[in-house]
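Chain nomenclature is as follows: A, B, C and D, assigned in order of appearance, with residue numbering initiated at 1 for each chain independently.
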Amino acid sequence: MSILINKNTKLLVQGITGRDGQFHAKRMKAYGTNVVAGVSPGKGGEQIDGIPVFNSVAEAVKATGADTSVIFVPANFAADAILEASYGGIKLVIAISEGVPVQDMIKVTPILKKNGTKLIGPNCPGLITPEESLIGILPGMIFKKGNIGLISRSGTLTYEVVNQLTLSDMGQTTCVGIGGDPIAGLYYIDLLEMYENDPETKAIVLIGEIGGDAEEQAAQYIAEKMTKPVVAFIAGQTAPPGKRMGHAGAIISSGSGTAEEKIAAFAKAGVPVAKEPAEIPRLLQEKLAFATR
Amino acid sequence: MSILINKNTKLLVQGITGRDGQFHAKRMKAYGTNVVAGVSPGKGGEQIDGIPVFNSVAEAVKATGADTSVIFVPANFAADAILEASYGGIKLVIAISEGVPVQDMIKVTPILKKNGTKLIGPNCPGLITPEESLIGILPGMIFKKGNIGLISRSGTLTYEVVNQLTLSDMGQTTCVGIGGDPIAGLYYIDLLEMYENDPETKAIVLIGEIGGDAEEQAAQYIAEKMTKPVVAFIAGQTAPPGKRMGHAGAIISSGSGTAEEKIAAFAKAGVPVAKEPAEIPRLLQEKLAFATR
Amino acid sequence: MKIHEYQARELFRQYGIPVPEDVLCHTIEEVEQAARKLNRMVVVKAQVHAGGRGKAGGVKLARTIDDAIAAGKKILGMDIKGYTVEKVLVADAVEIDKEFYVGLINDRNTKSVTLMASSEGGVEIEEVAKNSPEKIIKLSIDPLVGLLDFQARDIAMQLFGNMQHVRQAVPILKKLYKLYVETDSSLAEINPLVLTPDGQVYAIDGKMNFDDNALFRQPQILALREPDEDEKKEIAANEKGLSYIKLDGDIGCMVNGAGLAMATIDMIKLYGGSPANFLDIGGSSNPQKVIDAMTILLGDSNVKAVMINIFGGITRCDDVARGLISALNVIKTDIPIVVRLSGTNAEEGLTLLKQAGLPTVGSMSEAARQAIELSKAYVQK
Amino acid sequence: MKIHEYQARELFRQYGIPVPEDVLCHTIEEVEQAARKLNRMVVVKAQVHAGGRGKAGGVKLARTIDDAIAAGKKILGMDIKGYTVEKVLVADAVEIDKEFYVGLINDRNTKSVTLMASSEGGVEIEEVAKNSPEKIIKLSIDPLVGLLDFQARDIAMQLFGNMQHVRQAVPILKKLYKLYVETDSSLAEINPLVLTPDGQVYAIDGKMNFDDNALFRQPQILALREPDEDEKKEIAANEKGLSYIKLDGDIGCMVNGAGLAMATIDMIKLYGGSPANFLDIGGSSNPQKVIDAMTILLGDSNVKAVMINIFGGITRCDDVARGLISALNVIKTDIPIVVRLSGTNAEEGLTLLKQAGLPTVGSMSEAARQAIELSKAYVQK
């Protein structure tokens, strides 16, 4: 088992004829992801690495039964691509595109809700159910099938952590990069709930960042609803206040969203917080040993 | 029994301090309608005929438990008043206001759907469950409790027909004036379904008009879904094509929406169409006699 | 409210929809100047509020300035379905490779704005709908979301099948929708939308109607109104809160409510009479309205009898009675009047009328029968 | 992106929000002229991108022209939290009866724009939130519906409690929301919104931030940008696709991804080092970016060692290696560099680096440890 995607997931790649879309479509396919179609308006009928290209999502879904879509189009077209996927009948959309205007995402959110479409991202690395399906730009070779679930606001930091897990022989059920934008799709709590309900997942790693209060909310949710152990890491513990560090998410302002507050919230919820990524496997082992005692 | 409203309906009057709002609030109360509150921004704390006035729908609902609202505000404020009622928790809104811009109603429609609010009107005379609750501008004295349901796009024509029914000793369960605007709330089919499910209603009178194809759709619905007898009347049988007769609804254009087409649709559905209002009671009696034979 | 083609084209331009150059002309001299200014093949088009002007000879292609002058002479002043042509549009006649239809309309069934598009442009969309409905693409637009890029692109792709043309058509569709919503339109058509041999997309002819109920917040649109004589009367009535449409019979009717007014006309015809008008005094209780209504009614020289049919809801019968009595004090007339009052404050109204010596009847059908008889009697005088 | 108060007031005016008259001044002469022109009580306000300018003495009330000149002399050129005041706003000082706060902000939790309002205006809203949260009214605005009249009225009613003031405040709230959405704002505050003794409502001070991701479609807003020196560097980096923030340590970092970059800085501090910057080269595989990034890094004279930490996903490690080799061919430096590459095409990248004789390490923590050691060694030279 896994969450959100597995080997039956039929993936559509929006923006498949662009530089990144093409590169990652091939990589996803090489990983074993069931990439059934690509979309690029005006390029319908072409093929990319054997993947048929369609003019629209609706056509692609009709012809291939695609149920999940990954978006590689430029930021200013990303919101429209997400909506095209949603109206086209796609149930899970992963938006890799970086730099999408916040007002676009604010407008997209209630439409997706109405249409019953789940979104991951934008500005996210995607997700993976190791050895079954990789969607996005994650480096597949560092992941390994196993029992750890992982949720992260970061991209490369996720790889760093996963690498540590895999080196410690702790494989993963599904790893999800939810992205660092202020307005994003599925968030910690949505995914924690899914992991809690996934019989294969034994423990969860949550990688947070300074900014916002999503980690605090997650901590509360864990305390109230989760039976499975969770270990956390917070990036930006030494970041100077008022500075925006790359992610729109990573901004500290006016005494909220600091690493201290987040760490305190996790401590209160009984969630250990690692000082550095390399510490995570040990904390997980301790938690799991305790849980199975 | 009845549909939509009964003696337990708690009514709020939006625009209660205006000329029409005040006049009809008093009349409704005099009829026996449970008028619990009025709304008029800035007039909170006043009273109209013993009815407490509030600044907002939210306040009124909180204080009185109003579940239904009737709107007497000027056309350019009507859409906002409808939305205020809907967001304020009102489940049934009756908009009497005439001349509401169509684009306003188009925008209002999906919001009401999302909020689960039913709308009657705008540009309608309201509805009545005789001897229990009168909402709107209907002349209460012509109605009588009984077993006939009535739906009408018209206002005064409805009174004409009801008058004939009452004079023929055929009382009514609930009579609903749905209004003549091109974009309106509850329509024939919604109400036909309610009457079909109301044990007290034995037969239904449907009063249509030229313009649009709502009558044709109703005819098809009756043929497919209704077990109770329906009798129809269509106004505008002799109207010249291309002319707009008062109602936005009453326009015939380009070979659709004519009285002939509507009458033919009803004939096909086995629904007798009266030549003049006075014929309706006889047609109903025939249908009811046939149904109970 | 309707506007002329030249006005629609001007609105299109304001919203950035590409339209070939044109000049509005009222005289032959202006036509000549326009043809000289454009200095290429032009089309001379009658500007009247009537359909089928092409078949009626109201549209002519002119390859030379002399041709244009000749076309102007033929079209200016001609009669199209009862409308006299007072102005023509002299427009750059772009070469046409293909013609398309795009239109927006308020859709009663979906309760939203529907976009219609067809590769069968240049003919009436109703004909396409009748003969080859499969050639009409329809899209119901979510009013809270608007026309999305991908939706416009899908439709443009179905029409043009070529991204170079699609890239031009998508903004045209989006701008047309913006224009439609921002001006409270009830119909906006580009027909034809054309593709030229060199791959340019243009709006050639435009038709727009507007929601009368929204004109209060559309001063720019209201300023475009050019009513004909009949419409002027209707507008004047409207400004007094009345809905008036002249018909060609001899029984004047004054009714409250559009449905009852239509049913009244139907009944007069059913009983063998002929109504002179549709006149709805609406739903408020203002005696002045009745005075205004009677003034309009009795101003029609065809009227031989008046039938007043009031069923009071929001309208109070006593107000109607008072207005009627005041009106007849001002307008002295020998035309017979039959009054029927029911509903709110009917008793009071009937009492007032009786005191004033006006004949009243008990039902609508009685009123219709009497009015017909009286109209015949009046003619015999 | 932030703008100054005077720019926010100008945007307010454009959208029809009432703001007292003002003049922007760069010199004492301009202050004098402005005071003469306004010819009544004015307020002289420092225009700097720093909070707490009032407490720092950057805002002064002036009853006479001489007062205004004196205030201008004091404020122009003063230092507020490291910012030199280069301009002041001389504004009509309306009399104030009550002060309110209204603000709009993107809300991560509701995923919508939230309207905040408070009868405690003129102070920082964060203080109100801390000390009397019950005095903040919050409304989450449905982005598909917008701020509705009744919602604006309810809030205005709670603030003002008087319909005459509510009627002025409702359009202010609606216009502020329109401004917010149309300019892709991420914060828009009127603080204070004031009520004068004669019952007029005015926006006095305004603060607006904008979404950097949307500036591509906001040329009017982009034109308002007035970055300071540090920001100019950050913007220059941004234009090259880099995210750069100068810090005050001595270990330059080049990392891909904001999270990993933050974790890298955290780790350097955890191990006792001091990072010279945050530098995220982002997610695309362009060798030029690495060259640009190294140029910026090595342009900081504090840097004593460089730690490169790349975990390749969309970034290809071989591209980074190539960019690094090219950069070091151009920028000759003796500053020690430690490189860690993992992920996509790491093998190829490491091979390239080894061929070029650059030191590589196996893990992030190893890289941090080595960089700290090397920085100390470099200092000792």
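A few remarks follow.
Here is the rule we use: contacts are C-beta pairs under 8 Å (C-beta built on N, C-alpha and C of every residue); 3 or more make two chains touch, one makes a residue touch a chain.
Note that the coordinates shown come from a computational prediction; the quantities given were computed from them, not determined experimentally.
The chains touching subunit B as well as subunit C are D.
Taking A-D and A-C together, the pair of chains sharing more C-beta contacts is A-D. In whole angstrom, the spacing between the mean C-alpha positions of subunit A and subunit D is 27. Centroids built from CA atoms put subunit D at 54 Å from subunit C.
If you average the CA atoms of subunit A and of subunit B, the two centres end up 51 Å from each other. The residues of subunit C that reach two or more other chains are 144-145, listed in rising order. Annotation for subunit A: residues 107, 111 touch two or more other chains.
Arrangement of the chains shown, judged by which pairs touch: an irregular graph that fits none of the line, ring, star or complete shapes.
Contact between chains, per the stated criterion, is found for A-C, A-D, B-C, B-D, C-D.
Contacts from subunit C toward subunit D in the complex involve residues 144-145. Note for the complex: subunit C touches subunit B at residues 106, 108-109, 111-113, 126, 142-144, 181, 184, 186, 211-214, 216-217, 243, 245, 247, 255-263, 265-267, 269-270, 275, 278, 280, 282-284, 310-315, 342-344, 363-365.
On subunit A, the positions that touch subunit C within their shared complex are 41-42, 55-58, 77, 80-81, 83-84, 87, 107, 111.
Subunit D meets subunit B in the complex at residues 145, 148-151, 153-154, 157, 162-163, 166. Contact residues on subunit A toward subunit D in their complex (touch as defined above): 20, 24, 75-76, 96, 98-107, 109-111, 125, 137-139, 142, 152-160, 163, 180, 182-183, 207, 209-210, 212-214, 217, 233, 235-240, 243-250, 254-255, 275-278.
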